[in-house]
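Chain lettering (A, B, C and D) follows the sequence in which the chains are written, and residue indices restart at 1 in each chain.
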Amino acid sequence: MWGATGYTGYELVRILLRHPDAELVFLAAKIDQDTPIAEIFPVLGGRTDLVCRVDAEPPQLDIALLALPHTVSVMFAPKLLSSGVKVVDLSADYRLRDPADYEKWYKTPHGDIGNLPSAVYGLPEAFRARIKDASLIANPGCYPTAAILGVAPLLGGGMKVNGVIVDAKTGVSGGGRNANMAFHFPECNESVKAYKIGVHQHEPEIREILGDLRGCDVDVLFVPHLVPMDRGICSTCYVSLDTAAAENDVYEIYEKRYADEPFVRVRRDIPSTKDVVETNFCDIAVRSRDKTAIVVSCIDNLVKGAAGQAIQNMNIMFGVPEETGLL
Amino acid sequence: MWGATGYTGYELVRILLRHPDAELVFLAAKIDQDTPIAEIFPVLGGRTDLVCRVDAEPPQLDIALLALPHTVSVMFAPKLLSSGVKVVDLSADYRLRDPADYEKWYKTPHGDIGNLPSAVYGLPEAFRARIKDASLIANPGCYPTAAILGVAPLLGGGMKVNGVIVDAKTGVSGGGRNANMAFHFPECNESVKAYKIGVHQHEPEIREILGDLRGCDVDVLFVPHLVPMDRGICSTCYVSLDTAAAENDVYEIYEKRYADEPFVRVRRDIPSTKDVVETNFCDIAVRSRDKTAIVVSCIDNLVKGAAGQAIQNMNIMFGVPEETGLL
Amino acid sequence: MWGATGYTGYELVRILLRHPDAELVFLAAKIDQDTPIAEIFPVLGGRTDLVCRVDAEPPQLDIALLALPHTVSVMFAPKLLSSGVKVVDLSADYRLRDPADYEKWYKTPHGDIGNLPSAVYGLPEAFRARIKDASLIANPGCYPTAAILGVAPLLGGGMKVNGVIVDAKTGVSGGGRNANMAFHFPECNESVKAYKIGVHQHEPEIREILGDLRGCDVDVLFVPHLVPMDRGICSTCYVSLDTAAAENDVYEIYEKRYADEPFVRVRRDIPSTKDVVETNFCDIAVRSRDKTAIVVSCIDNLVKGAAGQAIQNMNIMFGVPEETGLL
Amino acid sequence: MWGATGYTGYELVRILLRHPDAELVFLAAKIDQDTPIAEIFPVLGGRTDLVCRVDAEPPQLDIALLALPHTVSVMFAPKLLSSGVKVVDLSADYRLRDPADYEKWYKTPHGDIGNLPSAVYGLPEAFRARIKDASLIANPGCYPTAAILGVAPLLGGGMKVNGVIVDAKTGVSGGGRNANMAFHFPECNESVKAYKIGVHQHEPEIREILGDLRGCDVDVLFVPHLVPMDRGICSTCYVSLDTAAAENDVYEIYEKRYADEPFVRVRRDIPSTKDVVETNFCDIAVRSRDKTAIVVSCIDNLVKGAAGQAIQNMNIMFGVPEETGLL
């Protein structure tokens, strides 16, 4: 695994140490020198002797998990793929289909246009069949996971969706494991703040996937907020419909859509992020008012929104039961 | 002042102790026995000898501030008003014009229909002139204050508003000073939760006032969220317009509308609740996307959303400068 | 398991659902009616169909875990024991040897003096051999676990201990899952508070066990503090010694004492509670100054301080590897 | 005022804007360019037009407040003093009497040995008379303020103190307004951590002042802890006495010692930091056990522990009532 020193990297290690069918054999990160991962994360002390490497060659691998910043994953993925290693990339590098979109939102040209077309968007609830056969998975962003799972059922049903507003609230770990005034404790504690209104790089990702699921463009407005907690995303989605929808009808669409999904729980009551934190679940509740469906979708940004979903994808790719290591 | 033992009651005491033109002479609350307010709130120790009374008769007063639960204010207001005392009621009792609405949302008949017509909604930025001459002020709810200040400028301008979604996030003090599992620390800490989606009692209040300001009905969907912090409201308002609006045009409408307001700050950057906590300010930023204006409106729920606004109203009623005691 | 609806009850369920060698077959609690545990704790949705019973008879059990309030455990333990079921009691009912002490600190006579002598204090690091053969385990309190593990090594070595001050800081879940003004979010958030200085019921428990380990009385002063977080205990122990001790000598005593312990990590750097939260580990660091050894001991109050330790005891009692289900 | 962009700088501005007898005329800080202070702290928007300067010459001043890092204050103080401006230095630069101590603890030679002897330690409760006539005030550190106020009464009384352990817990603003992994939200949130055990630079400051008050050396062990909140210090002081002391006797010593102090509240119940946050008060409670007095002392680290105390000193220096601007 690459990028072991971030919050997502830690989650991957934590999950994999418990996974009965996977063996974690290699850790790498951009650090000064080879360091036991338990020194970087003391919480792992006594549980693993794995050493995080600076630039050692990996051993023979079945799969590589890249928990790297965008623009860095493309430096590692091509070589791994060409040597037959499956790749789950947790960065944004392979999520947008069109390299021009990537360049527009990430302010840099795409570094691996060759592999881009073969990347499969790793949202099992939407693309399970394709994930099964993929070599390269673009693991979804945290915000898109909550938003897409929250809105997708309405796109496939008989209803016509005119547009979607996603008002999302996230814990601070979403900002990464780097000191930054925006995430300095006394700055963000006891405070809620909207940011990047309509200009967040996860908006095109949500728009593209919702468009894929619907078969044509979907109007998406995405507004993220930072709230003072470690983990969790609560996305409140306002879906504008062509006709009024009874709440129970909407509920049944969701119930039916997710009946067999191991990690989506459609609930009658309204979930809080606490109900999903430290789990791979996405909890969803729906309400309606006239022509607006209101969907609340909660995940742990580091689990279902990142590391847990990556392992779920890995399980699918290797044909082991999807929940393995994730309950 | 009645209702001195709640969070709003405390804020009123705190502000009034500093107010150069007001003298706080009487405190009452539903407690077991007369108790110095500094015993109830140790933070007030050494600052006041005022005793909170159980059922003493108040002395001669110029104004009574009622920080009481709804249905309780109507038990005190009529007698005070009839003896010539001005009243600022911080409960919901006099906010809705139609007693039938009150009964619908508060599940009990209105207890003082006689005084209801004379109540003035105490939002200075909208009704300053009427507040000046009022005897009875219905001090706005915390959520409505943020939402109405956030949306009002668009109703008066040349734009046609089709509907408003208010996605609000509040700190836990909004839930009052009573033990309750929903606000038990380990239940709400590290968690975000939507609640009362479309069925919160502040929705009709927002709808009524926005309707007054526009001159006809406004479609309002209000979705509150509880976030793990003591104070602050961030309302993200999605205003659906008839035509696309340039961000700068929207900004100028707000700039102009609030240019002379001492407690509204229209900002280019996006405010966080931390920028307004412990102040009487409402900070507002606007963005736009096609036919949607996005407005972020932040207040301290206990100050501009309750006690501070009550003092602001009191200042207006007595002709002292509006900022007195509030900066 | 009895007492499934508290925070400790939840932790037991969570751990047991993952435990490969245990099957959780019965849940009971004082609730209004039989309720699926996943309704009580939505986080368990989709993971178990177990129903929490009001007063059903339990099936044939190998072991009963009692996560009950003190005075309630003694109502259940005797019958279970007499029918051959092993019992781990997580309440305080069987922790103090002398029923007179129990009555003094818990303000009520002891309800099961008959079984009290056979109870074994369930701190594996101190009493593993006796736990192996016990039928009744008194699972240690959260504060005592951190304090005793922190101080014990100094009692057995060549050093003479004159007295111990334990300055402990705990998260709010330690106060239980009941609404209470002391744990109302706006009351305890953003605040640190000492409480029950020298009069906390865990002080005699610490004193008794440290006395047992030393072979004579130990002077203990215990001062707990509430800090605004969900979980975790940090006990800073000031151990007064007869002679000055070099820091490295103290460190080596700890290293040696805990070398084979699977759940104690002696560290050179200073642990934070975050390093142990959601784990069964106790992280310890030592410093010294003249005749004072300073020991920092961190645990998760709900895991090593309650549910995790109970499972560790269960594992020992049934001869399965001690870490089973706990990593 | 110099150092306006830190948390203490902000507090000074906030307090001075309300101070009826002081006019804030000059702000300076190490920033890129002259910037309105309300841009640096949006919470000040609409309240002041003051511009924070990079290197402008100050106008004629009566007093300069230096909220600068240590080693920086000594670059500004000498020139100000020599031109007749009184100085309150909030850094550590003038707190330790012996420049060798300064060099030992701050790892750099002292930069203004000339003015050091004339500096008065600005703890009004201990040195009011000297502060009145001083030109240069060394404003106490936050930890020392709480610890010294907590322990001082026992040094002057008839009791003999053998030693003091100060176990202090502080909010994160104590770490300053600079991004740093130790104060990155997801690192320190939901966690308590001891640090710099016995090696914190405030220990010699506490030791020196307690020694001054007692007339001979006092043994001090200082152990600070970081807790997840913005503000507040709770110091639990364990004072070892020569003979056992009845709790009430200890209480009366404190009551008497602080009877006339406007900002010290001796309480029978145990204070929490929330009782003093945003105030200049120090709340103290005492307990005793045999030969140990336990003192809990709470302050707001940014107010009584920094900016508030600086203004209190300023008030004393200029002969205005000590509470002016601070209630």
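Heads up, the rule we're going with is that a residue touches a chain if its C-beta (ideal position, glycine included) is under 8 Å from a C-beta of that chain, and two chains touch if they have at least 3 such contacts.
No experiment lies behind these values; they were computed from the predicted model shown.
*Asks:* Fewest touch steps from chain B to chain D?
*Replies:* Shortest path length, in steps: 1.
*Asks:* Find the chain most remote from chain C, comparing centres computed as mean CA coordinates.
*Replies:* B
*Asks:* Looking at A-C and A-D, which one has the bigger number of contacting C-beta pairs?
*Replies:* Of the two interfaces, A-C and A-D, more C-beta pairs touch across A-D.
*Asks:* Which integer distance in Å separates the CA centroid of chain C from that of chain D?
*Replies:* 39
*Asks:* I'd like the Å distance between the centres of chain A and chain C, where a centre is the mean of that chain's Cα atoms.
*Replies:* 37
*Asks:* Mind checking the centre-to-centre distance between chain A and chain D? Centres are C-alpha means, answer in whole Å.
*Replies:* Roughly 46 Å separates the two chain centres.
*Asks:* Which positions in chain B touch two or more other chains at once?
*Replies:* 171, 187-190, 228-230, 271, 274, 277
*Asks:* Can you tell me which positions in chain D touch chain B when the two form their complex?
*Replies:* Going by the criterion above, the answer is residues 17-18, 42-43, 45-47, 190, 262-263, 265, 267, 269, 271, 274-279, 281, 283, 327.
*Asks:* Could you please specify the touching residues of chain D with respect to chain C in the complex?
*Replies:* 165, 167, 169, 171, 187-195, 197-198, 219, 221, 223, 225, 227-232, 234, 236, 238, 270-274, 277, 287, 289-290, 292, 294, 296, 298
*Asks:* What residues on chain B touch chain C, complex-wise?
*Replies:* 7, 171-173, 175, 177-181, 183-190, 228-230
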